[in-house]
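For reference, the structure I am asking about is given below.
Chain IDs A, B, C and D follow the sequence of writing; residue 1 opens each chain.
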Amino acid sequence: MYQFLYDLIGNEILAGLLVAVVPLTIILVFALFGIWLERKVSAHMQDRLGPMRTGWHGWLQTVADLMKMLQKEDIIATDADKTLYNIAPVLVFSGSFAAYAVIPFSSKLLGSEVEIGIFYVLAISSLVVAGILMAGWSANNKYSLLGAMRAVAQIISYEIPTALIVLSMVMLMGTLSLDKISQMQTSSFWNWNIFGGAVFGLSKFLLIPFMFIAALILFISTLAEVNRVPFDIPEAESELVAGYFTEYCGMKWGMFMLAEYGNMFAVSAIIVILFFGGYQSPIGYFGNSIGVQWLVPFEQGFWFIAKGLTLVFVQMWLRWTLPRLRVDQLMTVCWKYLIPYAFLNLIIIGIISLL
Amino acid sequence: MGLLDKEFSDGNIVIARVDDLMNWARLSSIWQLGFGLACCAIEMMATSASHYDFDRFGVIPRNTPRQADAIIISGTVTLKMATRIKRLYEQMPDPKYIISMGSCANCGGPYWEHGYHVLKGIDRVIPVDVYVPGCPPRPEALLEGLLKLQEKIRNESLRKKIA
Amino acid sequence: MALKTETMVLNMGPQHPSTHGVLRLELEIEGELILSVKPHIGYLHRCFEKHAEAMTYPQVIPYTDRLDYLAAMGNNFGYVIAVEKLLGIQIPERVEYIRIIMAELQRIASHLVAIATNGADIGALTPFLYLFRDREYILSLFEMTCGARMLYNYMWIGGLSHDIHPDFVRKTKEFIIHFRPTIIELNNLLTFNKIFIERTANIGILPIDTAINFGASGPVLRGSGLPFDVRREDPYSIYNRFDFEIPTGKGLVGTVGDCWDRYYVRVLEMEQSLRIIEQAIDNIPEGDVHSAIPKRIKPPKGTVYARVENPRGELGYFIISDGNLNPFRVKVRAPSFVNLEVMGELCKGHLVADVIAILGSLDIVLGEIDR
Amino acid sequence: MKQYLKNTFDGIYTVLVGMKITFKHLFTPAVTIQYPDVKVKLPDRVRNRLYVNMDDCIGCDQCSRACPVSCIEIETVKSIPGEDLGITSNGKKKALWVTKFNIDIAKCCYCQLCVFPCPTECIYMTDVYEFAEYERSNFLYKFATLTDEESAQKKINYEKFQAEKAAAAAKPKPETPAQTENKSE
């Protein structure tokens, strides 16, 4: 994408900015859509209707929310550490925004074709931790502080099972590039990693159950990394009022919200790429069969977003089903359950892939 | 600093359109402070529940005053609580609205005569936008109060603040 | 050498999403560990007892509604029983039956809120809405009967304000049929959910002797394993005619007397209430609900104490009459107030997140704590 | 170890059970009443805004005395003989001019205690619940039909009559005033 634009325009900075616009648009549109979807999904699961009165079935609801947030007064408490307080939302947002740089939405639409894509995602998403800690500390509110401490402990802990699963996948695929991982799982859903990958043979069938376990662990731990129920203890509404962003108002809080929804899609995208064939279509391409090659990237984009949204839906579904865990139980789940399982899974996948 | 704090002296057509848009945004997304006081709080919860569904109007409870737009005074305000409510109100960012729900919040209600510890009306502490009568008001009555509040917001303007 | 750290005082409430109104808890914490909990009350002191002195006997009834506003029928019930005892009047059978049906429906409605808020505090919002949806059906029954949704002023001294609506019996039966599956659904969705069990089992264990020493009653006491129920121990009205069980905490998933037990006792009590309603609904005798209402309520000098089993525990009314139209003194033994006392005991050594789970399982209503 | 595996299994299984239930509800129709568009009919006995039918009110003050929150204020002036106040719908003869009948609906606790003692059933609770206001003073409902001048006039009339009566009583002619007094009460 960048190379293409660079060839077209011939200006590095301009091309870079243009490339950056794409994920920004996606993140904004997704956040608008995601928040609306969340409210509708939750409402229908609870036998009610959700937003109904702003636009058809409330589809303009998030737009109204956003515009209202822009109008709100911006309060900074006297005792707050103003610099950190102002930087924190930007940092959190940029952490989730930057992850989009390497996500391949289709074979033609990816910001940067870095070879170490997955590594980069793991690294850049840690930026969020710093932002959250800043937010919690600078607000000078006890609830914020508690929330931030919890968030940091949680996110750092859950990076370990995430990394272990990613490690096993990288071991299996032999590459860190998200684009290449997607390309390997082509032609049909049977070739997706969750079904053992593209290489046909005994090891493929042996891998299937472990791939399911791996996908589940990755899903759970990413759920925790983006602070969704049942792991939303940093913002635990009923205990910590609103967690680390208790003191934030208006658009600064809106940026936390955007980052949260951006993260939701980003982690879904990672799972989709690692296990569900990335942007590959499960049933072959319409464009290929009628001989219109330019249609293929669009189809890929469609499939990618469809798969991502499905996983986002599952996240919401879980959120509106489960209570939340306590902070020490959260750590128990991570250290005593997910990490051993992930580690065992890593060893077994390693052995099988040697076969 | 909220946008509404800046007053525009010369009204022109652009401001009027912007007014409409901004009022629309504010009235369709009134986030209430999740804050219950007494009996009316239960009815407020019932209003958020499936049968009446506050969410249809874009109202969702936020637990921190910093992110709330409206505070529903739902129940008896005692003298001890009044100072806290005032503080909560002050913590909310502008523009902010208040719905006084039920007899007790309106004027002390059943406790106006002998209630030595009851504030006789929340409007003695903070400015109220809409009074919803009832003891407790039916959920529909609260929704009607909300509609009244929306009507009020619709007529606000950037040019001239309606007190 | 351990680093010396200061403890932090965290103020929970009066505006806090899960303090069930305006309770303020002063938590002394070290990290997230609770060292002590001090409940501060009085944010909803509405001077009930003062009002009762200024009102005539029937006029007090609307104020009793507002004590425990989740169980207004039960409050009415206790008060009218006390005054009837003082007056020494007999009330018609029909009234007794209707009162019991109403009180049991109210118990279900109140437990629904208790369970719903307990779940919502722990983070399960969907069961909260399901239960409020079903509560709405009970409220519609009440509304059909007496016109109000929450604060009824339905039970009067010597009778009832209205006879039941002609549709009431049919609708109540419909509700029972509708409601049974909801309990099963609730159990699947929340009660036996692993996360919910983890959050509530072995948390806030209230040993039975502590519960007795603190004077706890209702589900809090029964959750600790003692089958004490005023309906059984000291049957008022006509409760001795009905067949029902008194569920107690058994420690199914943890220790006896933990939060989960208190929660589960409420679920089981709803089923028992359904049983009582089923037994009563078909046997309502004919009669006039207004016939025994005295024209002038002026009890003789004396004192009376009457207690009923409210959803939150033993609700007692102590009335002193000086022979006037107004009671000289009405003292309320509010179950929530007594149950709240154990809070400090239960929270020691737990985490901040457990405080709300414990508070939710105690199911307090500030209206009757502060009165 | 067994407990460990059981915990894992329980964790996943109960979550799936819960997910099944919520998924089922995703497709059950919503119970929401879309209030401003749909208004359900409330039951007959519903207790909302108080209403007084002044045609039937005889100014007996019973409701005001029954009210636990004293939100009803009634002032009456006795009529003088010769004034026709009409009769109520259930045949009671009116004898008092109701110069003031104020209900502060903001104080009302909707307990319905005022409704039962009314001898003419003229005060009752309606099913109107939509009466939110921007100003609290609008909650003071004035039901009295007489204007201020009229009620002032009635007061003057009555005082004049009283004075006349007193004057008549001062004269040694005791039968007639006593009769009028009985009538007016």
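The criterion applied here is as follows: a contact is a pair of C-beta atoms (placed from the backbone, for glycine too) under 8 Å apart; a residue touches a chain by one contact, two chains touch by 3 or more.
Being a predicted model, the structure only gives us computed values, none of them experimental.
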item: Of A-B and C-D, pair with higher C-beta contact tally; value: A-B
item: Chain whose mean Cα position lies farthest from subunit D; value: A
item: Inter-chain centre distance, subunit B versus subunit C - centres from mean C-alpha coordinates, in Å; value: 30
item: Rounded Å distance, subunit A centre to subunit B centre (Cα mean); value: 36
item: Subunit A and subunit C: spacing of chain centres that average the CA atoms, whole Å; value: 44
item: Where subunit D touches two or more other chains, by residue; value: 7, 11, 15, 18, 21-22, 25, 30-32, 34, 68, 109-110
item: Numbers and ranges of subunit C residues touching at least 2 other chains; value: 16-17, 62-63, 126, 129-130, 133, 136, 151, 189-190, 193, 195
item: Contacts with 2+ other chains: residues of subunit B; value: 49-51, 53, 56, 63, 110, 113, 135, 138
item: Residues of subunit D defined as touching subunit A within the complex; value: 7-8, 11, 15, 18-19, 21-23, 25-26, 28-32, 34
item: Of subunit A, residues touching subunit D in the complex; value: 41, 43-49, 52, 317-318, 320-322, 337, 341
item: Of subunit D, residues touching subunit C in the complex; value: 7, 10-11, 13-15, 17-18, 21-22, 25, 31, 42-43, 45-47, 66, 68, 109-113, 116, 125
item: Residues of subunit A that touch subunit B when the two form their complex; value: 39, 43, 46-54, 58, 60-61, 63-68, 70-75, 237-238, 241-242, 246-250, 253
item: Interfacial residue positions of subunit B with respect to subunit C in the complex; value: 33-39, 41-43, 45-46, 49-51, 61, 63, 65, 75-76, 78, 80-81, 84, 88, 110-111, 113-118, 135-136, 138
